[in-house]
Amino acid sequence: MNDVFTIRRQVEFNHCDPAGIVFYPRYFEMISSATERFFSDALDFSWATMGLVDGFGTPMGNIETRFYAPSRLEDWLTISITAKRVGTSSLTLQIECHCEDERRFACKATLVHANIQTGTSHPWPDAPRAAMTRYLLSVNSNQEDLS
Amino acid sequence: MNDVFTIRRQVEFNHCDPAGIVFYPRYFEMISSATERFFSDALDFSWATMGLVDGFGTPMGNIETRFYAPSRLEDWLTISITAKRVGTSSLTLQIECHCEDERRFACKATLVHANIQTGTSHPWPDAPRAAMTRYLLSVNSNQEDLS
Amino acid sequence: MNDVFTIRRQVEFNHCDPAGIVFYPRYFEMISSATERFFSDALDFSWATMGLVDGFGTPMGNIETRFYAPSRLEDWLTISITAKRVGTSSLTLQIECHCEDERRFACKATLVHANIQTGTSHPWPDAPRAAMTRYLLSVNSNQEDLS
Amino acid sequence: MNDVFTIRRQVEFNHCDPAGIVFYPRYFEMISSATERFFSDALDFSWATMGLVDGFGTPMGNIETRFYAPSRLEDWLTISITAKRVGTSSLTLQIECHCEDERRFACKATLVHANIQTGTSHPWPDAPRAAMTRYLLSVNSNQEDLS
């Protein structure tokens, strides 16, 4: 049984478009925030440490998102993160967003541990890699694959 | 030979993250802007008209994006849009972003013509549908498929 | 002694600019979020209720902000709100942001209770007005005036 | 007679809130964009050059904005910039936004030329300072003072 990293966030006025629903680029800001917290709180490998100390970051390589139902002002969203694949210097996350029982979006995102200035990828250090594996989806998971 | 809809946009300070490169959620704002202009200028079917007059919009159903190289402050980006598939009430766009000869990202996005309040999809009117087909990628196009 | 409404927020990657400090338009998003929570939690008069039920909102009339020191990634900010003046249909807020003992910004903002479609101002209902007065800065407050 | 620096920008979907009007934090993004272009195009002293070559920037010190009328989707805005005061290492700008003849907002903003890492202010180089003076409001200007 894998761990699941979860944050809760309420839909604010600034997330909503003239149709009264969350504007989808704001979901990507939420996805970035959730990923930032995952690195900091679940992996103990925060972006501030990475960038300030070592000049590394985790640029996004590929992201696929399917939207199932719109979100509205004041909805409470639960965003959960698990790992689909841990590579040498890459990480594929499965990110799900629900409001109570309704799925709002599902996302598969692959990011890369890279030196920002040179653009070259760099292996994950051992400690965060070990932490990532705890969030790895079990083989028998019945979680629906997005792709 | 299909038409291609193109806009040019310069990377601004507000698009860039602490690593000095475009923060990927800002790309989705650019994708939204480019799509907005495509509906307005290429299809003569603007979101303002849709939403204000008829209560309809074009919520995103699915979007897949691959990032090839980072963009930096003051880079001039060329964002081009073609249609991959014109459905009864959906539209799949292929969106490419280049800086000179370098590809920065490629995106496949499927949006739906829908009544925002009820959430039900609604067929495209004839005029914008006819316009969409002019941007439809030819079968023999050598454009690389993202998926 | 007046009440003070306080929220805490951590500086995220998406708030920071290429200089590594919070980009000031993001502070205005935080100010809007804090104001949204103040209306909802302190005044029990949420924007969702206002807008959805009655067609009213609280557009900003005037906002003055002085920045004292930059904020950086992962700083924990304390944003506090008090009322400087409760008008018939307007409200002037004093919003202060600190990181521990260091003041980051101070803001004086006057917003108006108005019908969004017609643009006409509208008196505050009695209940939220009574709540506002609990947050009114006492006359003898030694709080520095921004203006 | 002073010069006036002007940019035009159309209100996009991503600028608008659930009330269908421009969300005021988006105006501050426009103000930042206009200021960025002013430094680059009017002063020939771009932020990219400043930050990349010399480690300097122009953090905002104080900004006061009055909103006169709401802006809506597809409005064409004209944002004009003049200088109110050129200091040794500071610059106070007067920024006005109109849609045709209607004033939408007026803003007085003081930014500082500073070393971002140390936080110390630094005198403007001669060339951009000379350019700033060309945009200085004449003493007899009948432009209304915001403050």
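Letters are used for the chains, namely A, B, C and D, taken in the order the chains are written, and counting of residues starts over at 1 for each.
Going forward, a residue touches a chain if its C-beta (ideal position, glycine included) is under 8 Å from a C-beta of that chain, and two chains touch if they have at least 3 such contacts.
Everything numeric in this text was worked out from a predicted model, so none of it was measured.
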Common touching chains of chain B and chain A: C, D
Which of C-D and B-C has more C-beta pairs touching across its chains: C-D
Chain A on chain D, rotation in degrees - Cα superposition, rounded to nearest 5: 180
CA centroid of chain B to CA centroid of chain C, Å: 36
Inter-chain centre distance, chain B versus chain D - centres from mean C-alpha coordinates, in Å: 30
CA centroid of chain C to CA centroid of chain D, Å: 23
Overlap residues in chain C, where contacts from two or more other chains coincide: 13-14, 18-20, 23, 25, 29, 32, 51, 73
Topology of the chain contact graph, where touching chains are joined (line, ring, star, complete, other): complete
List of chain C residues in touch with chain B within their complex: 13-14, 16-20, 23, 25, 73
In the complex, chain C residues that touch chain A: 12-14, 29, 32-33, 36, 40, 46-48, 51-52, 73-74
Residue numbers on chain B that touch chain A, as the complex places them: 18-21, 23-26, 28-29, 31-32, 51, 57, 59-67, 69-70, 116, 119
